[in-house]
């Protein structure tokens, strides 16, 4: 199956290289994303998973399918959105028409490598693909004509890549470990999972700690999240949505995979779990307090990503099957909600040419849909029912409560602060009325509106109606991970 | 497989390891960009020599390939690219230090090596076959941390790139002594690295200079896109002022 | 409810309406004599009432229905409240009509409307009187409640009828706890009937008057009703004090002789209490308004003391 | 059959939520249909709950699994039905009132949003009290909180509204936080979300109770968590204030009662805590109310007071129960519950009529009103009924519930523990003070607002409101009266014969005495009357400026309780010379110190702020710093590897 998808992806890359018009390139990107979704759906329904490719270096199981499906969905919506958004960026000169090709090439490449990363069995291969996604993300951030974008892009590259190097140290440790215990060195996840019990605990935990550091940077865990607020706020909104809703997942995915290995070994499970929870709390803390003072819309949303990554870490760290189940569902919930927020914020960004709190006025009148998207998205992300995040957040908290009362109280308090940060910001921008303001309405293209509407429906619809097939999928993921 | 016990010529390798650290310290303290690149070249060369020495002592061909790969990429290709970019941005010195002065960095390094030594004792005892390998692994991690020190204590992006490369050398050193990864992985990692370094270096053109320098520089380069970017920048700056 | 209760209601109401103005006059005379004056005739309050009934009423242009309705509400409330306090004949307790709280809140209802009527004309005096009256009533309220709580702690009931029954049947008349309660009850009586040192019923000086300021705008039969209500209220409070402290003569049997003796006894005891009140009033100067809380604290102290006696004794 | 009724009602309400939002820019037809639906739904709920109350049965509704392991399920028993009844009754009159009231905003969109959100709010409250498990409870609790948050922000253009909204948001989230902590703690011990008796250890129960008490306390406006209430109730539209103050805070009381009575086994110290908190809220609520001149804020403070009274009853119930005095305890509980209903009725009545006044005069400050009794006679009458009820005067409903609590507290001589007796008596004394102050406050509120001559042109030109805006309050005013007069019969009908006076009897006596007095005087006295000026020491014509002001009115009390109000003087002066002898100019101001704000809220806010500033400073735009963080993280990992593994 993978070969068909790869064919489609390369075709998309090639077509983009040769096509000239924006519309066509955009269509190709949309088609690519649809192919990705179709790929995931086929995998899920054909019952072909788990499946191996390339001498067991690639391995697609239920978790990969799930993540690919989420990535495909977000890319699809982002591609539709980009069609309108990029055009308006060109109009004001911040994006050059001749860079469009680069934009779409990176867009397609990003999706390709994301899918490959999720399909990797070999952890080193995963590392390489993850680094490639970093590369293309950085490229997409830097494509706009502004020194600040270059700055943001550089920050993203440096922080992520340096942290990822430590990750590689972890990989080497792991490899040496397997060489020692199994005879031949391997980084194949399935083998590792099977044999984790026989590994000596201390090196396993150490390798986990190092690998964690890199993936933490990828998923925006404090204190490695620092580049993300810049990256999110400077990138075109379609790209911001992708970084937050997909790149973050890559990091969390990596952590989940390696944690599942250490979890098998009774000597390392507890120490690794403590590490995850400690970083989770730290992320929540930093994010919550940063959000309170935030004056920039996209940065606020960026910190919220750190907050949720922290929550996911805590969920993973608790490590009961139910906690993992809900953390996985939270990944989906977070991706959809975050995409909604970024895409809505993108429309406001086009209207005011700014993300700053003081520049946004009369938003409800000028951009009702984006405002609705932002308000509903904010309510959703802070976990107000009936949004999907409420269910996942609540369920994770249930597990936290069973784990430790103090942790529960800390998490609740920090979530409250984060919610307060959102409330402060949202009320501030939407209550700013200036009767004398003569700003013209930005004619939002339909292509930018459609994804927002779809996302609102998804975010609230999924909160009320749990898709039953997902239950089986999530359960098989959890059991596949050995929890 | 690396044979256990002290390989032949262990002292020789130990000396090489120390020299690697010295080049690292050199990178930490020097202000002259060209000599930084040269130091990096030397460091990479030393690494490949170590790889060859290890090959000589235990005869794993992979090490030889690795040495070749290192020489082509890190001694020739990457330094060439960096030097070219350095010429373009016309700066030759990175004077400013952030957080740590060179002497402080060196001092910090001493403690860091101690820390690494202490931290890895338990783990490496279980994994590494002998004292020399243990030392090599510790030096590898230390070199990585040293590279990290460079990335945050030096202002110019181009220096940071060299810091990043030093880190990567540290990782390489670590892997040389601890185990040997599949060669395919090493190649892919190298390509990855190359792409990222190149992107960072290109982007650094946009940031590594004051506004006045920026104008001269970009007029000289005659890259229309950059020029336009500069115009944009000036407009922004004007607005902000 | 039954015929005997109706009889009680009729008797009690008639008694209270007839007797009340008398004590107003009595206190006035006692005060006058104590100050070396002759004072008005004993029946002067009755004359006043009949005079007022003949006069026309004057209403301010600002006033509303509140002003007109208040006198009737007041008198109605007083009449019903008098059912809570048997003066001479204690009925068989029915329907919780003797409830302490009911009594207090009936009076509060009257006060509420009186205070509103003070505001109704829009004059400064009325407003001031109303404001002061409500302030005083607010701070005396906990004192009253605690005094009644002390009563119910001593007598283990919250119903006046039962309390009086118990006291009437009691063998030991001088209960030390109840003696202590007499002090707060007396202070409550002084406060609720607007007497010196809290208020001065004789003056129409804006600095000192409280109750009189509220009824300043009333005239004719409205004023008559207000004064009668005031007199009834005084009698009721006196009755509480008398029947708790000196329950001689109180009867619960429905015989003509018994009732007559009881009524006479009550008239006598009330006369005595009026005499004491008059003396106290004339021996004191009016207190500054904001010094009143200290007076109330004395009452509070004695009530609490009674309760302590009950709780810890 | 009963469950069908519930479903129909719920469906109608949800339709009422969705319809106005479907055609959001529409002309208001949908809005009227939605309001009609909600009235219909509320009538269904009223009959539904009355039936359950009367027959004393339980209704279970089919659960809906919203996600694996999470179920929304409903069970309505007598307690829930009681709260459904009071929510429905108040919401019904608020809906009727809204038909006209909503008209006074500009823009169809806003009116439609207001209607939709109001219906959602009502539905959420009804679902909260019907919830059979904690998940459902929290689910609808949050919807209730957020819809009311949106409604508080309705007039978002005003800066004060924004502040009120934010304050409300944070407090309401804090409340949810404590509830979540309590629920999850309970769940962690029992493993179940069902609201059913849970036998957990004493210590755990105490902790859970504390969390829930704080959570519900915040929502109910118990001092010291009350600060949001005066802001939020003032900022929101009056029909919403009526709902929030009348019923939303009761939902919190429901939660407290439900969880302490059904789920946990209350201990005596819980009762003491509730009693003390209630006493404090009652007295401070009314004392703060006295100095308010903003009519809606004044009413809001009275809500705090009445919540206090309710809690006094409830706390006393727990204490009496644990001391084996079931009869007195039952009197307390019934008194407390009855006060919940009564307060809902008269407070919504007051808010609706106050809303009418604000609607016509455009003023919220009572100093600018006056004379409205002639201009808005019906509104004045209904407000008066509310004022008399809230002051606890017979024969209206507020009196009955206060009487029940008073009578029960007076009977604390039956307790054994001297400490408890003293506690009960203190509570009793303070309750008495509270209720006297409340009546002083409402003499002020009614007197200054409605009586005498108008104090401003707006008041002078006010007109009576339309029929819907009278019909809504009229229902409530009627309820105030009948709940009071027929209280004895109502309780007897429900199977409780209580030692309380029969107010039907008292009421008839009162009416009889009134008529008698009137009849007698009509026949024996002169009926001549004449109109004149108010006497003003020789001033011939008095204007509104001569009248006693609201500040003047409350001044004696403010002065007596000055230690509670705590004033702060601020003096500024400039001088010509350095030795400060030649005075140029200066100012002196006296402020009321907002004690809880200064001592509790602001320090926390400042702490959070300064922490947040420090944390924000970590994000300093500098790549070097960020890389240093990575470095530190790496070093930490090294330490971790060396130390913990």
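Per-chain residue numbering starts at 1, and chain names A, B, C and D are given in the order in which the chains are listed.
Just so we're on the same page, a contact is a pair of C-beta atoms (placed from the backbone, for glycine too) under 8 Å apart; a residue touches a chain by one contact, two chains touch by 3 or more.
Bear in mind that the values here come from a model prediction, so they are computed numbers and not experimental data.
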Comparison of C-D and A-B by number of C-beta pairs in contact, larger one: C-D
Computed distance of Cα centres, chain D from chain C, in Å: 36
Whole-Å gap between the CA centroids of chain B and chain C: 99
Approximate Å spacing (C-alpha centroids) for the pair chain A, chain B: 30
Averaged-CA centre spacing for the pair chain C and chain A, given as whole angstrom: 78
Multi-chain contact residues (two or more partners), chain A: 151, 154, 158, 162, 166, 202, 206
Two or more partner chains touched - positions in chain B: 120, 122-123, 141, 148, 151, 160
Where chain D touches two or more other chains at once, by residue number: 623, 625-627, 630, 634, 641, 645
Pairs of chains found to touch, sorted by chain label: A-B, A-D, B-D, C-D
Contact footprint of chain D on chain A as seen in their complex: 151, 154-155, 158-159, 162-163, 166, 201-202, 205-206, 209-210, 212-213, 216-217, 223-224, 226-227, 229-230, 268, 271, 274-275, 285-286, 289-290, 292-294, 322, 325, 379, 384-386, 390-391, 394-395, 397-398, 400-402, 405, 408-409, 412-413, 415-417, 419-420, 423-424, 427-428, 430-431, 433, 463-466, 471
Contacting residues of chain D [partner chain C, same complex]: 370-371, 373-374, 388, 391-394, 399, 402-403, 406-407, 409-411, 413, 418, 421-422, 425, 428-433, 435-437, 439-440, 442-444, 446-448, 450-453, 499-502, 505-506, 509-511, 513-514, 516-518, 521, 524-526, 528-536, 542, 544, 546-548, 552-557, 559-560
Residue ranges of chain A touching chain B (in the complex, touch as defined): 93, 96, 122, 124-125, 127-128, 131-132, 134-135, 138-139, 142, 145-148, 150-151, 153-154, 157-158, 161-162, 165-166, 168-169, 171-173, 175-177, 179-180, 185, 200, 202-203, 206
Chain B-touching residues of chain D, taken from the complex the two chains share: 622-628, 630-631, 634-635, 638-639, 641-643, 645
Residues of chain B defined as touching chain D within the complex: 98-99, 112, 115-116, 118-123, 141, 145, 148-149, 151-153, 155, 160
